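Let me begin by presenting the structure, written as structure tokens, before commenting on it.
Letters A, B, C, D and E mark the chains in the order given here, with residues in each chain numbered from 1 onward.
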Amino acid sequence: MLNHILSILIFFPALAAMLGFIIHKDSIRAYGVAIAAIEFALSLWLWFSFDSSASGMQFMENLPLVPAFGINYILGVDGISLFIIILASFFTMIGIASLTDTKNEKNMIVTLLFLQMTMAGVFAALDGIVFYIFWELSLVPMLYIIGAWGGPLRIYASVKFFLYTFTGSLVMLVGMLFMAYFYYQATGAWSFAILDWYRLILPESFQLWLFAAFFIGFAIKVPMFPFHTWLPYAHGQAPTIGSVILAAILLKMGTYAFIRFSLPMFPDASVFFMFPIAVLAIIMVIYTAMVAYAQEDVKQVVAYSSVSHMGIIILGTFALNVEGITGSIFLMIAHGVVSGALFLLVGVIYDRRHTKMMSEFGGLAHVMPRYATIFGLMLMASVGMPLTINFVGEFLSLLGFYKQSHILTLLAGTAIIVGAIYMLAAYKKMFFGEVTNEKNKNLPDVSKRELLALIPLSIITIWLGIYPKPILAPINNSVESIVQLMHDKSITNEAKTRIPNLVKGAEIAKTSEQGAH
Amino acid sequence: MFEAIAFYLFAFLTTVMFFITVTTTQALHALTALAAGMIFISAFFFILGADFLGAIQIVVYSGAVMALYAFGMMFFDTTRDVKEKNGNKFIVFGLSIIAAVLIVVIFAAPMVSTNIVALHPMIEGAGNTQELGMVLFTKYLVPFEVAAVMLLVAMVAGIVLAGKKMDLSLTLMNDAEIIDAKKEQHKKVL
Amino acid sequence: MELYLYLALFSPLAGSLFAGLFGASPRTKIAGVVPSLLLLLSFVSSTVLLIYILSGGEKVHVEMMTWMATGDLYIPFGFIVDQVSVTMMMVVTLVSTVVHFYSIGYMDHDKGFNRFFSYLSAFVFSMMILVMSDNFAGLFIGWEGVGLCSWLLIGFWYHKESATWAANEAFIMNRIADLGMLIGIFLVYWNTGSLQYDQVFATVGSLDKEVLTWMGIFLFIGAMGKSAQFPLHTWLADAMEGPTPVSALIHAATMVTAGVYLVVRANPLYDLIPNVGLFIASLGAFVALFAASMALVNRDMKRIIAYSTLSQLGYMFVAAGLGAYWVALFHLMAHAFFKALLFLGAGNVMHAMHNELDPFKMGGLRKVMKGTFIMMTLASVALAGIYPFAGFFSKDLILEVGFVENHYIIYTVLLFTAGLTAFYSFRLVALIFHGEERYKLFGIHPHEAYKFMLVAMSPLLLLAIIAGSFKMTYFEMVTAVLPATEYHVHSAIAYWIMTIGTQLFVILAIAFAYKKYANNKVKVPDGTSKMENNLCYKTLSNQYYIPYIYEEYLVKPYRELSSVFWKQVDMKVVDATVDGIAGIIYAGGEKTRVMQSGNLSTMLKWMVAGTIGLLSFAVVFGLAVRYSGEIKIILSGLGV
Amino acid sequence: MIEPVNVSLASLNLMTLAPMLIPIVGALLILVIDIFKVGLDKTLYVSISLLFLLMDFSALLGSAGVFTQDGIMMGVFNVMLIDGLAILSQFIIVGASMLFIPLALTHKRFHEFSYPEFFALFLFMIAGFQFMVATDNLILVFVGLETSSLALYTLVAMHNRDKSFEAAVKYFTMGALAAGFFSFGAMIFYALTGSVEISQIAAVLAANKYVDIAYVLVGVVFMLASFGFKLSLVPFHTWAPDVYEGASASMAGFMSIVPKIAAFVVAMRLFEFLIHSGVVWLEIVLYSFVILTMTAANIWALVQTDVKRMLAYSSVSHAGFVMAAILIGTTQSNSALFLYWILFSFTNLGSFSMLWISRQKHLPLHQMSDHSYDKFAGMVQTSPVAASIMGLFMLSLAGVPPFALFWGKLYLISSAVTGGYTILAFIMALNSAIAGYYYLKLIVYMFMKEPVMGNDGHVYVSNATIALKSIIGFAAIGTIFAFVALNPLLELITAFVYNSGY
Amino acid sequence: MEIGLNHYLVLSTLLFAIGLIGVMRRKNLLLLFFATEILLNSVNIAFAAISHYYGDLTGQLFVFFVIAIAASEVAVGLGLLIVWHKRHGNIDLDHMSTMRG
């Protein structure tokens, strides 16, 4: 079973979702929670069976799909993808558990389970096309979630979300086809296997173009400035659960893909584009933080804050050293937890008041002290308070990028200032002051069910902030192998100097050889 | 010389006839001009030694097709003046003239291609019809048969479309109405 | 000893969590008492450690566990108790124990009693981490932790707009500095490959001067924020919105001195870059004067004390910047005692006056608040630096340092500031406790604070009086890790002239203050007097218009720019571009769909037109190919 | 005198004719039955048609078997040409027809199915298409084309509504013009080479090194115009939306697949050798056609309010997409064409069948047309399964993986990449994105809008029978699990195309 | 004044152009069908001429088939017109634009 655990992780929720159609609507939530819990347990099992000291892919599966065209169903996890998979199943679980009364609950839960399939698939796929399949497929449930359960602009938002991402990923697909073609030219056989692609050393000009093609797909997903405008709409209109999963997992697909594809495949291009991308990332950090500050809707604040944080993740990724990349991966998880929690929190108040405008609130700390406390905790995590999960990631990301550019890091570092500004301002507007709005006087504090979702997140937030090692170590191992691979593959002098040499080459070669067969 | 005179004469006549066909407002004139043009075309066939074609041109076109059109014209009662609203004449004539000029520009120049081998050369001493028959029933047997199918299709199609069947919509009628209609039809046939 | 270390470190955390358990429940004494007792435990442990260190024990260095490790980076949770940190631990635990006990009384009637103790203990925990950490990252944890607690505590009365505003201001301003700190840490890491103090300081010597300078600057920027040095000073005065015990603990005794602690801790670094040190000293001197001047005219009791704190921090930086680290640390300690005392006294007054802060509305309180009166007066004396109180030893030492190091301008400034300090301190005392009982005009019935609060304050009083006598013991202890420079004016005569001169100057200033404010003629100012309309007075009372400038030229533009970014740039440019592309495509469809008019004739025309289009292209192409030879000749004839 | 001709039966290779003869026999049988007994139920005729198509299919399997062994077959005086293209396209033609003919078994009565002639014409039409693809003789192409076209016009008209007549007349008239273009084009090639056989034309032109390039181009123009009409390339596409709208949904679906694959094969035979001999002009023109057709049709599809019309434009766009394969002209691209079209058949079969089962006889007042978007609003609430299936087909059409059409797109774009048409590849990708919008629009209506008043959901399946449902189920399964069959399919197609010399 | 193949081709082209004029100009469907006949006929001339000049019979065969096709088209076309006429009483294509866009 362990040999196929990834396939089970991917397809178990999908099969369960199919079965879900026949389950009576009164029992569907229990069913959903049970399935998601099993899925989560499976993902934990994956973690426990995972050899943290190894750097290569584990639990690999390889089934021919269209061998004539080099498409194979290849799965595998390493330290980079492992935790995002776990995070995904975790969020699906608490997302379903904390669902508040929604119409068509059954459809929602079935959709969420499908979404879980695609999320697990994206992060476990080691074949370009299989990756692409899940990547695109993940849009569909999200489209439905936003479009069917969203706010007044839901259709616009969902269609925008879908088309924008879809467009970007089609460009990426062309890039993948080129990659496969180059592989074909080099070896005489088609292959879409990522580990095969790792072995290709492309001329720099090719790298630049391909990097650009992949970049568009990923950048829109992340979303990077100036491709980010779908995100506020999507978040603004999505129901709570949609925002949570969107922010926590779906956005990570883009940054994950940068690390999985762009960096190891195009090391020279990565170095070439490092500064332009860093500049974009800094714009993301500062500009979107300012935009967040100007928002009137608390959910939009969190939405824009996501963009801002994604900027740091990008920056860490393009630090191109172990510290930065490890940090960015950790920050992906951290941001997943924190922004997921923040969206859940926004959902809590939205359920009570059916508005998200900050001007409607004020003084909530009086009426909902527990809520205010948890919100405060997440806020502090969001602004990167040490000993919370976010800090580790942000610190490492910035630390890593500092090696590449001092000035840009200084600019990016303003994240901790501007982040504090909009977050504190929002918190002040909502929680501080006197309760002025009559409607807020008798709001109930967070319920047990809501706590069920929020408390684990709070615990994770602090636990991983204090003791990130269990996650950091496996990530570190895998990142080291990627960095080494990049160093070995790079052809320009600039890249050779920018990407550190860790002298662990032999091990990497072995891994990619395993992957090829 | 005779050939040249004949060519130009018939070329002139055909052109004029066809021009009348497409421009006149009198449907009857158009029909007549078309028929005349067809007959003049058959002249070319004779000139070019395609006697069989000349014959069937007259028979099929001037005979059958024209008869059909004439019937149609009567049916549609288009013997009157045809009122046609035409917007931009320039588009119509302009486009056509451009087309003509363009092609003529090319066709005016002789072809320089060589290597043309007659696949089915004219056979010395055989009549055109015989020659044609020879090729038609060997090489072109299949197209010939398919053409037969095509004619069958056309026939069936013509019958289906023009026949009584399409007058009623069985889609929109209910069962009782259909039975009534059938009885009605039956009576008429009897 | 490790046990004591952990006890000292974690008992505040335990206290905080314990009080936090009662966070949502109604006020209960136990939520205050238990943390206080736990803090007492922490204090006792610290004392044990102090005695251990004093008795010549080795540094206690523990590594609890790994925090972050990736690549070459390795950051543990490591703690060190050496001479410097034990000093800080003593100060922190002592003052906070006092403040805790005091708060049990002070916060007695507050709804958020439990919450308060939770925050307060959390603060102490953070502060302990800050001072005990053995690496920069740990320092940063504490650094941010105290910032967080400061935010929580300033904004403790979150229903007050001003309080929450001040809290946010403090947090954000500190964050600006923290960025500098962070960059400094990055610099340290990438240049030395480690963040452990011992490893870092072992390698700084071999580094490039320029790198070291930058390191020093960035770390000091961090210190500037925490210690509220110009231009990041405005938050400190505003932070007085918090409960008074908080001001005493955080904004006088402990947190604000963290900057000084950082510079002291990083002394091997700063020793190598005297230019930066001089800058620090100059800035310190400037702030000392600058803050004192604002205190002169202020009409808010707590703000006056806050400016005084600021001013004293300036003194400390002067010492630290000039390399007299032990002096800075000594003044830090002494200052903590008397300033905390002053604040707590002010808290008593506030309680008595029903949160009235304007000393002009008080007067004559010595009759009803004898204990407080005595304590505050003595604390002010200590602050003014009158022999033999603690301030004399520490502050005069700094003046001497300035003098000995030949920085006469700094010396002069500090001397002058000492006079100002005495003046505003006693202006405050005089206004509060002497003269007419102006409060009666406002119908207030003051009363003395609980006995046990006064008792709780008494250790501070004691220390404020006698701390100076520990000078030599202290010197011997800390110089084990800090540069052991003794500062003595070369000639004994000069020394005496200076000392006595200073004392006289200060006493004169006190006398002047008393003369002006301790009489019955003092009126509640109504903004009409000549003095109040004086430009100088206005500038000072408006804090040199700096808050105004910040508001007008930083905050507002930021807010407006944000709004522009959102409404103009994001919505109208970035998003509109995306929507515009979609819109153009869609409009293209709407516009061109007329092509499909449904009219057969049009359709046929399109078909013919398409063919003609192709034909034209074909003919052009065909002719070009056919006559390519000729075309080439013509073109070459044209000289193309 | 004419010598008598001796022909041995074996040399005729009559087996090459077998697949085409079977439907003709079937059609004749239907006509004969009708003579003897009037008013038989449509199920009989459907079964007969299916039976003969099945036989046809088996015959094709036989041909395929022979082809894999012996390679290209010529038959009946070398008029018939059975190569990989012919076999593959006939598989598609016959296979798709087999799937479409049961759509006659509707729950409601429709005029055309009451007449056996419908089925006879249908079978004749299939035969016509088969002839068209199984030869490289332009005469037979022409005759086959006309046979099928004439039958098709009639089939469209037999739906017996004003709109369907209008559609048929439009289709017919434009078809007549296209026929004129075809004959003119053929004439030019004949004038150039003295032959009407494509292989011969190619040989002669090559021998002459294309000296008369201007002539060639004019010939190509007219051929392009003629096939542009059949393949609905912009600006020759104008019939498509109207005819699709006028015809019944089942017939529209059929038209979107079968006639086009026949035309594609002929176009491939005709243009491929020209492209390979370096006629730059043709490359430019085809390039523009491809881009124009894809993009313009997409843009027009965006603004449609009727689903069927939208699907019509979408089919036009897909045709443009596939035309790229001919432009690229590599073995991979030609294989991609067939792969794409097979997968497209499944998807389009499904989507048009879904429209077909929701066909009402009378238009409700609030509805502008038969299949306006409004009609599908909130469909998920009343018939979730149907909505999901329809959504599935839309996603497949949009190219969302892993549904059928994605693989077609993937392989086709890949062939563009491989063939060196980078820009084209990106344009194709971007066009897929534009297309996403209008497919999504239907999904939005079905899943995210509230139903129109008075729509109880019955309408969506009002026309459904077991037969139709099975067809839809089949199409859905084919669409979802396309990837299972992909590898053998791809290998087969590639082998067939490669062995035919394309 | 030898009449060559090109003469016939040009003639054929001219007639074809006239046919195009008719196709585009005519609104009466019946008369439009006349124009399509002209198109086919013009091509027939060219085929016959090519056949003549090349001494090859294929062209004539093509003509033969074109004539057959033309005849079939007339049958179907007229059939369609009749149905339309029965329903609408006209065969003017301007009345035939219910579908658009």
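Here, contacts are C-beta pairs under 8 Å (C-beta built on N, C-alpha and C of every residue); 3 or more make two chains touch, one makes a residue touch a chain.
The model shown is predicted, which means the values in this text are computed figures rather than measured ones.
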Partner chains that chain C and chain E have in common: B, D
Chain D and chain A - chains in contact with each: C
Contact-graph distance - origin chain A, target chain B: 2
Far-end chain from chain B, centres as C-alpha averages: C
Identity of the chain that, by mean CA position, is farthest from chain E: C
Closest chain to global C-alpha mean, per-chain Cα centroids: A
Gap in Å, rounded to a whole number, between the CA centres of chain D and chain B: 28
Separation of mean Cα positions, chain E and chain B [Å, integer]: 6
Distance between chain centroids, defined by C-alpha means - chain B, chain C (Å): 98
For chain C paired with chain D, centre-to-centre distance based on mean C-alpha positions, whole Å: 76
Contacts with 2+ other chains: residues of chain B: 91-92, 95-96, 99, 102-103, 106, 109, 111, 116, 118-119, 131, 140, 143, 147, 150, 153-154, 157, 159-161, 166
Residues of chain E engaged with two or more neighbouring chains: 5, 9, 16, 19-20, 23-24, 26-27, 33, 54, 56, 58, 61, 65, 68-69, 72-73, 76, 79-81, 83, 93-94, 96-101
Per-residue overlap in chain C, given as positions that touch at least 2 other chains: 582, 593, 596, 598, 600, 604-605, 608-609, 611, 615, 618-619, 622-623, 626
Those chain pairs that satisfy the touch definition: A-C, A-D, B-C, B-D, B-E, C-D, C-E, D-E
Parts of chain C lying in touch with chain D, wherever the complex brings them together: 582, 585-586, 588-590, 592-593, 595-596, 598, 600, 602-604, 606-611, 614-615, 617-619, 621-623, 625-626
Of chain A, residues touching chain D in the complex: 64-69, 107, 129, 132-133, 136-137, 139-140, 143-144, 147-148, 154-155, 158-159, 162-163, 166-167, 170-171, 173-174, 177-178, 180-181, 184
Interfacial residue positions of chain E with respect to chain B in the complex: 1-11, 13-22, 24-28, 30-31, 33-35, 37-38, 41, 44-45, 48-49, 51-52, 54-58, 60-61, 63-65, 67-76, 78-83, 85-86, 91-92, 94
List of chain E residues in touch with chain D within their complex: 5, 9, 12, 16, 19, 23, 29, 32-33, 36, 39-40, 42-43, 46-47, 50, 54, 56, 58-59, 61-62, 65-66, 68-69, 72-73, 76-77, 79-81, 83-84, 87-88, 93, 96-101
Chain E-facing residues of chain C, complex: 593, 596-601, 604-605, 608
